[in-house]
Amino acid sequence: MNIPEELLYTRSHEWVRIEGDIAIIGITDYAQNSLGDITFVELPEKGAEIKQANMFATVESVKAASDVYAPLSGTINKINQDIIDSPELVNRSPYEKSWFAAINIKDEDEKNRLLKASDYKSYVEGLGRK
Amino acid sequence: MTYIPHTKEETREMLDIIGVSSIEELFKDIKPDLRPKSFDIPKNRSEIEVIRHMQELASKNAAHLTNFLGAGFYDHYIPAAVDAITSRPEFYTAYTPYQSESSQGWLQSIYEYQSAICELTGLDCANASLYDGGTALYEAAMMAIRITGKTRIIMDSGVNLIYRTMLYTYTSNLNIEFVETPVVHGQSSREQIYKHIDERTAAVIVQNPNFFGAIDDHSDIIEKAHSFGALAIMSVYPLSLGVLKTPGEMNVDIATGEGQSLGIPLSFGGPYLGVMACKKDFVRKMPGRIVGATVDKDGKRGFVLTLQAREQHIRRERATSNICSNEALCALRASVYVSLLGKEGIIELARLNHRKSEFAKDILGRVSGVEVKRSSPTFNEFTLILNKNADVVAQKMIDKGFAAGFPLGRFYKGMNRYLLVAVTEKRTKEEIEKFAEALEKVLCD
Amino acid sequence: MRLIYEKSVKGRRGFKLPQPDVPEQEGIPAKFSRKHKANLPEASELDVIRHFTNLSCMNFSVDNNFYPLGSCTMKYNPKFTEKIVKIEGFLELHPLIPQLLGGGRLAQGALEIIYNTEKLLCEITGMKAFTMQPLAGAHGELTGAMLIAAYHKNKGCRRRHIIVPDSSHGTNPASAAIAGYDVIIIKTDKDGCMDIKEFKQKLNKDTAAVMLTCPNTLGLFNTRIKEITGLAHSVGALVYYDGANLNAIMGKCRPGDIGFDVVHLNLHKTFATPHGGGGPGAGPVGVSGSLVKFLPISRVMKRPGGVFYLNYNNKESIGYIAPFYGNFAVILKAYAYMLILGKDGLIKASEYAVLNANYILSRLKDYYKLAFNRRCMHECVFSASRQTEKGVHALDIAKYLIDKGFHPPTIYFPLIVKEAMMIEPTETEPKETIDGFIDTMIEAAKLAETDPEKLTTAPRTMPVKRLDETKAARDLNLRWKPT
């Protein structure tokens, strides 16, 4: 299970990379692996407001549809057209090529609710044991 | 008669393996206080008796009338080959092709049906069928609301009143605003539609040919709808698309229709066939089963149910629709029917319907007491204005052996003397002439 | 096999129209005409017949194969009903005939059948009245949800949510949602039934209804069902019965007697009408006395003199949910089926459906993990979780069954059972067929231990091997296109 050290995470398996007042967000290796072959990604439009812990995108595999939750609140600054055109990127490169969106962070304090890599790692391992 | 094969010995053996002494013991979870208060069902009958009973009941129905009644449901001829195929138990005793490898026959048939609907409508994608033309129109309206995120619908009153009423029923607990615009001289009122269309509009719904049989080119209305970010939905009569300008050519976003005209018997109201097609951008918002082509492990072409993540068995309360069972066997009928007619046959058939209908207009127009509404061109159905109440006239025509048409007074205020008459390829010159004679007698009585 | 479009030969025709017997008329104006012909196939009648006949041979069907598809009740479809729907008096009857002035007398036979079928279903379920209009089970659910909304509206309240257990059919939450309700999901307890404690917590004055399948999708009868209907009624909520599994309880229990207010039935399941490769079905809805006035327009009524008529005058009705009176040809078949079976036949159908299912359960429980270790009703649910440890999934077992000539059970449903395999044999299957199926299932369980590849590479005997569903969803190809 690939869990890069420098990122922050949610319990609903999204990751965040903070770059100043911008946050890049995507779904984790664990998420893509449990979904299976991803066939479709639906993203909000640029300029849309998203709210922490609320659904902001959808990913579909052959036999499942799964919501993606916003790790932070903010305004969509950029979306990744590549994963709309080639959803398989989410399986192949969850942290590099398949970021979902970049947002302008609205509330810095919300970052406190995110998990560090080590905490997310133990959370995921806990799920495996259940 | 039962269809249970078990012998006493087999039943005994099975009970022994289960470890119970009687079948009743298997029902012990249903405690005495849950047992039926009554179960007063007649005792069984033999096949001969049931068939006789059904024949007696059938003989009380008037299937013998010469049919000029349409109103969206038409008396077309069905080639025998259609029944020969759909009577094959390999088709009719299967279910939804969940297991693709053992359902390639069904899956390919549906793929071919989808292809036929795309060809007829001029649109990119079709689903594997919905229940009927009315529920298809309702699903299209819901689809437009989902796509646009808006909740206002403008509906031309040339849309079949039954469908309009169904739409109101289905949406009565939802926050959807409907505006109905009138038909003027048989055609959609541009003036009224443009007056009501705005940024809040999810869709404009029109029908072609409309309920009065009138044909139109709605391209201008559709362009206007698009300019406000609304979708255009068109309800169609699939058989007429052999010749009529297609929804695709008019830039319609979602087309629906009653597919009964494509080889499906009238059968007192069903089963029929809900047709739906749309532009490819909207396919993921479409309800119903969809079949797609793919390849197997060896690279050989095959077919599967696809985009299932839209559907209720996966998405549950957030599915695009609740539909599960559809009308696959009717879709198969449609596919066989258009395959028999072929590229040229569908044109000839549509033209023949139009030609006979125009001939009937001509003959009926000469009957005293009859005025033919000629304000706009029609396909195979048109309106007569009679000198008497159309309900009464239709009633008297029954005694003369004719289902004369659909009296419009019940659906449209002030149209008590209007009769909607349909003429299909089945009606002969002689029948049309006799119809005119009989009508004259009734009107001059 | 090539598509009929790919077999097209220019100039061929499969059906000849008569020569026009009326003079030529002015054509349709060009501006209303299509510019390009629809590219339909050009084929002779034999071409068409052979194409579709060969396609039909690529399907599994009840007449060819054991088809224990759980929750779908794939019982034998008696052939005499096919003969009935083709009688001219039914086949060619225009649905608007009885709506013409004086037209009712010309459809008396058809109206009587609808009326009688309603009455029979009332007696089978213990409901007060039925509408035959819903065109499929899910359509019945939506109708039912709208009836529930009308009932509460009439009482002057707008209740917000419908409760469904997590074992429910996907159609239940979907129907509730599109009718405008929020959906509250209750988890399943250790006995395989809706968790009563959680149910009590979620149930309140905002609950419009509880939708239940009984026996549920795990094939289990909820022994506390009366307690549940009572609790719902105590807060003014209604209880909805999803009749998908009625084939388990005919003559043993009636939803109406135990407090259900709205019921839908699937005529294509319990009443043996063919499934048609996906439909048509029929999903009539029955209601208790307090909901009769909300039933859809029109209703078939009987005058004291025995004349049948259509009643359109019901101001409190929810309105039109179908264009006419339902899928009449399907209703005809179900009616004929009830007549031929009669009281004893219907009871026996449920008894033997339950016997067959328990026999399978008993013989397979040592080889596969039972989802809930209880006797079942008409279907049993196993999990392939033991096999999964060896890398074999429910899907692999399903594909192996195909190679052996059996239609697989429903797999991966109910969603709450990992690697679910839901087996519904129905009453019409003979013991030797069921034994053959069981032996094959046992064989598969053994192969999972010794030679899993036999399973993971199945099927090998079909026209195609396993298909790439991911490719199908990513590179959408939904129609033939002219080249």
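We just call them A, B and C in the order they show up, numbering each chain from 1.
The criterion applied here is as follows: a residue touches a chain if its C-beta (ideal position, glycine included) is under 8 Å from a C-beta of that chain, and two chains touch if they have at least 3 such contacts.
Because the structure is predicted, anything quoted here is derived from the model rather than measured.
Trainee: Measuring between Cα centroids, which chain is at the maximum distance from chain B?
Mentor: It is A whose centre lies farthest from that of chain B.
Trainee: Determine the chain that sits nearest the middle of the structure, using the mean of its CA atoms as its centre.
Mentor: If one averages C-alpha positions chain by chain, the most central is C.
Trainee: Go ahead and note the Å separation of the Cα centroids belonging to chain B and chain C.
Mentor: Whole-Å distance between the two chain centres: 20.
Trainee: When the centre of a chain is set as the mean of its C-alpha atoms, what distance in Å lies between chain A and chain B?
Mentor: Distance between chain centres, rounded to whole Å: 44 Å.
Trainee: What whole-number Å value describes the gap between the mean CA coordinates of chain A and chain C?
Mentor: 38
Trainee: At least two partner chains per residue is the criterion; list those residues in chain C.
Mentor: Where chain C meets two or more other chains at a single residue, that happens at 469, 473.
Trainee: So which bits of chain A are touching at least two other chains?
Mentor: Expected reply: 39-40, 60-63.
Trainee: Please set out, as single numbers or ranges, the residues of chain B touching at least two other chains.
Mentor: 309, 314-315, 318
Trainee: For the complex, give me every residue of chain B touching chain A.
Mentor: Its residues touching chain A are 284, 308-310, 314-315, 318.
Trainee: If we count contacts the way the header does, which residues on chain C are in touch with chain A in the complex?
Mentor: 412, 469-470, 473-474
Trainee: With touch defined as at the start, can you tell me which chain A residues reach chain B in the complex?
Mentor: Contact set of chain A toward chain B: 39-40, 42, 60-65.
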